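The following pair of complexes shares a single chain, chain A, combined with chain B in the former and chain C in the latter.
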Partner chain A sequence: MPGTSPALDTVKHAASTPQTAQPWAELGLKQDEYERIREILGRRPTGAELAMYSVMWSEHCSYKSSKVHLRQFGEKAPASDALLVGIGENAGVVDVGQGYAVTFKVESHNHPSYIEPYQGAATGIGGIVRDILAMGARPVAVMDPLRFGAADHPDTRRVLPGVVAGIGGYGNCLGLPNIGGEVVFDPCYQGNPLVNALCVGVMRHEDIHLAKASGTGNKVILYGARTGGDGIGGVSVLASETFDDDGKPAKRPAVQVGDPFQEKLLIECTLEVFAEKLVAGIQDLGGAGLSCATSELASAGSGGMRVDLDAVPLRDSSLSPEEILMSESQERMCAVVEPDKVDRFLEICAKWDVIATVIGEVTDGDRLEIFWHGEQIVDVPPRTVAHEGPVYERPYARPAWQDALQADDPARLPRPADGDALRAQVLQVVASPNQAAKTWITAQYDRYVLGNTVLAQPEDSGMIRVDEETNLGVAIATDGNGRYAKLDPYAGAQLALAESYRNVAATGARPLAVTDCLNFGSPEDPAVMWQFAETTRGLADACRTLGTPVTGGNVSLYNQTGDTAIHPTPVVGVLGVIDDVTRRTPMAFAEEGQLLYLLGDTAEEFGGSAWSQVVHGHLGGLPPRVDLERERLLAEILIAASRDGMIDAAHDLSDGGLIQAVTESCLRGGKGARLVVPDGLDAFTFLFSESAGRAIVAVPRGEEVRFTDMCRARALPATRVGVIDGDAVEVQDAFTIGLAELREAHERTLPGLFA
Partner chain B sequence: MTTRVGVVTFPGSLDERDAQRAVKLAGAEPVALWHGDKSLRQVDAVILPGGFSYGDYLRCGAIARFSPVMETIIEEARAGLPVLGICNGFQMLCESHLLPGALTRNDHLHFICRDQRLRVENADTAWTRDYAEGDEITVPLKNGEGGYVADERTLDELEAEGRVVFRYLGGNPNGSRRDIAGVTNAAGNVVGLMPHPEHAVEALTGPTTDGLAFFTSVTTSVLRKLVA
Partner chain C sequence: MLKPEILDPQGQAVQRALPRLGFDGVRDVRQGKRFELEMDGPVDDTVLDRVREMARTFLANTVIEDFDVRVEVTEEESR
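On to the complex of A and B.
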């Protein structure tokens, strides 16, 4: 019987057997980390304590390699009245006015999604939704920035359909509209797909909840799914050490299995206990499971905590205490509740058929104490587990190849010789997997549920109505360009922020705050660490300039196979607010006769461009120049024009350049456009340059003077480049492509690859 | 007097708020009903909303059909209470045998969310009176198991009796027999369909406002019955 194993490693036993060898290395701890644990405890750790420290001090939970760089997000944070809760909680909280607060966060679920695409992606959604829920908010939408290997690689055919079905299967069943995200293909993600997930939630200011356990005698309630053996990573080492004799399988699946129905009940049940003000502190169970939730709650609170592990409802009665502490079974939450509110809390859980169990209480001490069969197996200062893990100053160095890469100027690449060649390359680019329509993917996600979706993919940002009476709303976009970041990680991070910021403004919303998911290779490689350092420095600097603080996010390291790391890939999400969602600016060119204006300056910038990738398979040179003041001015113009009804459509210009934006806007509206190349530009640069700080807008003729006057007064270059007209995209003196042919090229690619 | 339209919440219901909003926009009063209560709170009509009741890990709607509220609904529907089943609600109505046939996995095996054109084939049910036969409407469709199937004889009967209420236009999205998107019972008070009219009631958030007439139709039907 495992439960009566004589090998139970109690605190007392540990104190009396200092020489016992422990599998710290197998659990991923370094020798000095193990020594530090012994120093903290003044004895060797018990098996359960060792397991807790090992997961909480892992890179994933402790941010030990990234912490020293992430500090900049706080140190350089711009003064913002909007930030109600900053970095460090489950998610940041932003004031959007009228008493509403919005919380949002993007997170990675990269490694599990490669191993088991469906469940990996599904539980990625589940985890980020619980983070948002734990802040006190009703989750209202999700988004998914995704990156895969080459579109035509056989393994992409395995990973992508599974990831997409997993996101749909879980998100659709939760009743959360999926309103945007990204899909990018690049051979650098072969074997290391990036599956990031963003969730946004809404609450009233007074409903904000925090993850802390205070108030001696308050009860600790675990509720949601039963705890099983899924998602136990390195802890199987401990388990096998203890139980080999029983013939129990030592290896358990490390990827968790999701149950979206359970999560839906958990959401409704949690919102109801919030509404009745029954919760003093709350934490979701994600990575590191109960170890993380108990130590973080106790660490952030004023007292200690005592937990009785025997009370935890199990799916598998043979689980060891170490496994119960480490299990990453999904759909669980942990709440701290005052004693006289416990009955009502349990009653609401019962109404929703959610299992809820008192597993412990807040004590007046300063220790986290955990018991199993009446014996103490954990006795630790919680802060040392949750918040005082190791911090590394990893060495970093600009890689030797960076100069050669930047010197490989795309100016040397042959350009199309005439109009016919240009036409052929336009079709080639808009049909390439990265630039092609993503409808085959997004049609598998419910974008309508909850009835507040004002804009969803492929629009520049997703937009959700927050208040049905006042029409207050929020907009969110996520962007990242690993190719730019590879060429210059500092600029790449700023370009990711700039694009996301621009996308939010293009729909008429005012950017307020940032969340980021930083996807990188191994921090033990100085070149990767340099990319990381440059990225965080670039992003923090740009956030300060644009006045948009980072409110939280996630770091995913070790995205590499062998010595080959992915491109540095910061994915930046920007949240904006719009006072009246009926004033939103969509992307569709829908009204014939409206004038098209190009805002911003266009230069010959092809480093990292879609054109260089698709036509020449080239990556080199420098990414587009960053001008954050210009970005801010462009955003102000776009927001004012939306508010005052001066524009009917807007689309940001980014990868693929102007022709990509025109293609998308024309196909969306079902109307063609006649374009004229402005003075001083050649047709090729006009169509394919990826200069930042630009957008194209459709201006009704009656608004032309007012709009151009505004741009002139604010010194934003606005160039008339065409008119919405007919059923073809025509570039004067160069070529014409009928809408039907353009649609065929743009929309057939993904179904052809994956259907 | 205002028509009271009940909207049932099952564990896993997702579109009940949308259905309530649609009822309100149509000038009627939404009344929240709970799966565990037998009482219908004296409503004039009932909507079974979309979602994944009980996770739909078994056949869709198969468990919800046995909930306490469904006992009353089945009884009242047989006595003439207007009942509308949308998506998961349609599946429940088929599982309850208030409507014939069944819904199976989409033939392409994917969940699909798209704006769907439909033709109104029968404007003489409790939920379609405010349409005209032959009207073409566009409302969102979103499901993984929306393929309508029944044996040939049943399908022939449905056609002969005019009980096919909606048919898909512009391509069959899920392999439904004879492009059937929605059907009614012989009395015309129970209607089920896979597409979601409650998501097409506001120009701001829906592709059209074509769905609103479902919710005004039921008021018309209730009033007509009162007068008669």
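On to the complex of A and C.
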């Protein structure tokens, strides 16, 4: 038979050879999972079917360990008028008013970025951008929350510059501004760096598109790059397997290489076919490639789909059907198009130089059927592949060491004896890699391309103008403190949300919705699973209290080397809306004579603090207390003050405490500050405590009465702690640090390590 | 050289440009890079092993690239 390999494992062949041994274990399936596949099909799977099930049932695609906990995000979701599309689609969609909808999502690309930092980080951007595009939105900005091993470790010198160059290389070529994120160093991420990527897109309400294939006879079109051997088995083998102790994955699949210029064509081409209403359903190709796109489209639609796999344009003609199904070649999309619109669809693709091929059609059955040169190699119910994969109730248990860790109170740590010692520790903390300026990294990203960036790193949130006439805008912040989460995962998740929420409010935007990327160790370790369970419970509870639903996100497990897991690291992104971006609140202390007010209460809270880490290398005790009602009140005050012009600057207080915020705001504005320690506090606690629910604001003298009256009426503690003045940060009766010396300490660290 | 299964956007861009410039008949283009190392003294097996080690651990990114090492005699040496 022409074009047919003699070894082709067809459905018919599989039915007649039940005893053939299959490499299910090598593909990452467990014995009972393999048996369940045989049960579903009533025979052994073909090679192609086995490939599909193995990638789709991997941890990365099926969320089999996390699903039972993630359900809370739906069950506890607060009622929100703003949510247009919730969890389950490529990304959630939020109503931001004036007929605009915004979609945003954060995802991980951790393991690939450790293997090949540049391409791993670059394709991480590419993947999340296609998720946003698939919802019908034009991507308008990206952000990157990053975690690396110790800043002075030699491997960090390999990983960090590669990751940063990859993010910059892909994002800059694509023409998307990178408006923020985080960079955190901790030895726990050695060998398991976290490279999360967030994208935000904007559309009109009527432009929302969903990933489903319905309408019998509709054509399935694969468009974008040709399919090659990229990342074959990447999903099942790479993303779901712990690294061995020598830091090498047991199997090393081909690395995916991104092509941002192809992606740019894909974006413009896709937006044009959307605009002409040619698309009935759409899905991007990411992890698990065609296996994922075809089974998810069919599963979310009426169920039937027929695909001729030999029609897929290949970069490497030697690929087997299994490999084509598993390939993770980048810059591809899959659309479902009504037959009379196919010609126009293909015409638009040709105009953009994008290869587009009809590979199949929607059928009236309920089976996904895939053919290879006329012979059937897949015949499965698509729901069993895409949505009804295994679900595990993994055992979890509070680790035995948790009590000892929490009992190790930082109160025992020696504190600076006098003003000189305090001064030295301030310089030490603001110069430490985690607290130092991240400009060396963010300067490598284009932050202002497209011309709508209102705020970008180092501001509290990134802010993008959505409408150039009305000045409607959105603000996004991402946060997640793994040290807090290690001490108490429930509180740590809530603190991550609270900080992100506070950061959005500090710029004057009203927080609306949440996306999260939950980075953890192996779910097969009950201690890790406990951390995960506590985190999801904490986050879902806090989202309900704050009225901000989780719209989507991603879970990354197996971030561990040997038996050592990373700190539980929930990265929480909050999206807010601001009616007029010209009223935003920046962080810079720029006007001499303005009064500095500390909002919120300061207690002796040093568990997981930057001070305890930098000065004592200590991690123990309890993280700062969470008070979500206070967070909500603080946000309301910050938003009202911004809208009514009562404050000229605001900066949230988090890791590093007040002195960190003052350092950043003074250096940003190029002005000094004179600070007075409030009654009831000592200078050390005043400067370094990390109590949550706080911000520092700069109030013009003419607005002081109005502002303090508002705080008093709403019962938010507002304490006058100083004034913007001079060219030094002076803490009365303690020390003075000139701005030049402060700048030198704060800004030289990263270039010193990596430049 | 990039491994055969690795996408090569640069090579593809060259391939697309060739017909536009009137150079037909090229089925595929892959691009790579080449290092020229001048060694002190004769290149025996020990030196060659060191160079291979150098290529494996530093000059090439073996996650995505293959390499091979060739010896050429320079003019200075042949004189």
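In the analysis below, the second predicted complex is superposed on the first by the 729 of 755 C-alpha atoms of A that agree within 3 Å, B and C clash if a C-alpha of one lies under 4 Å from a C-alpha of the other, contacts with A are read in each partner's own complex, and residues count from 1 in each chain.
Throughout what follows, a contact is a pair of C-beta atoms (placed from the backbone, for glycine too) under 8 Å apart; a residue touches a chain by one contact, two chains touch by 3 or more.
Here the structure is a predicted model, which means the values were calculated and not measured.
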Chain B and chain C placed together on chain A: clash or fit? fit
Check: chain B-chain A-chain C angle from CA centres, nearest 10 degrees, reads 60
Contacts for A:T470 in the overlay, against chain B (first) and chain C (second): which applies, first, second, both or neither? neither
Using the superposition on chain A described above, determine whether A:F261 touches chain B (first), chain C (second), both, or neither.
both
In the overlay, answer first, second, both or neither for which of chain B and chain C A:Q330 touches. second
Task = Please indicate which partner A:T736 is in contact with in the superposed arrangement: first for chain B, second for chain C, both, or neither.
result = neither
Exercise. A:Q402 contacts which: chain B (first), chain C (second), both, neither?
Worked result: neither
Does chain B (first) or chain C (second) touch A:T708, or do both, or does neither?
neither
Winner on chain A touched-residue count between chain B and chain C: chain B
- request: Return first, second, both or neither, reflecting whether A:D316 touches chain B, chain C, both chains, or no partner chain.
  value: second
The superposition places the nearest Cα atoms of chain B and chain C at a distance, in Å, of 5
Check: chain A residues flagged as touching chain B and also chain C 259, 261-262
Within the complex, chain A is touched by chain C residues 2-9, 12-13, 61, 63-64
Residue positions on chain A within touch of chain B in the complex are 165, 168-169, 172-175, 259-262, 264-265, 352-353, 442-454, 465, 468, 581-582, 755
Seen from chain A, its contact residues with chain C in the complex are 115-116, 119, 225, 228-230, 252, 254-259, 261-262, 315-316, 329-330
Given the complex, residues on chain B that touch chain A span 11-12, 14-15, 17-18, 21, 50-52, 54-57, 108, 110-114, 140, 142, 144, 196, 198-199, 202, 204-206
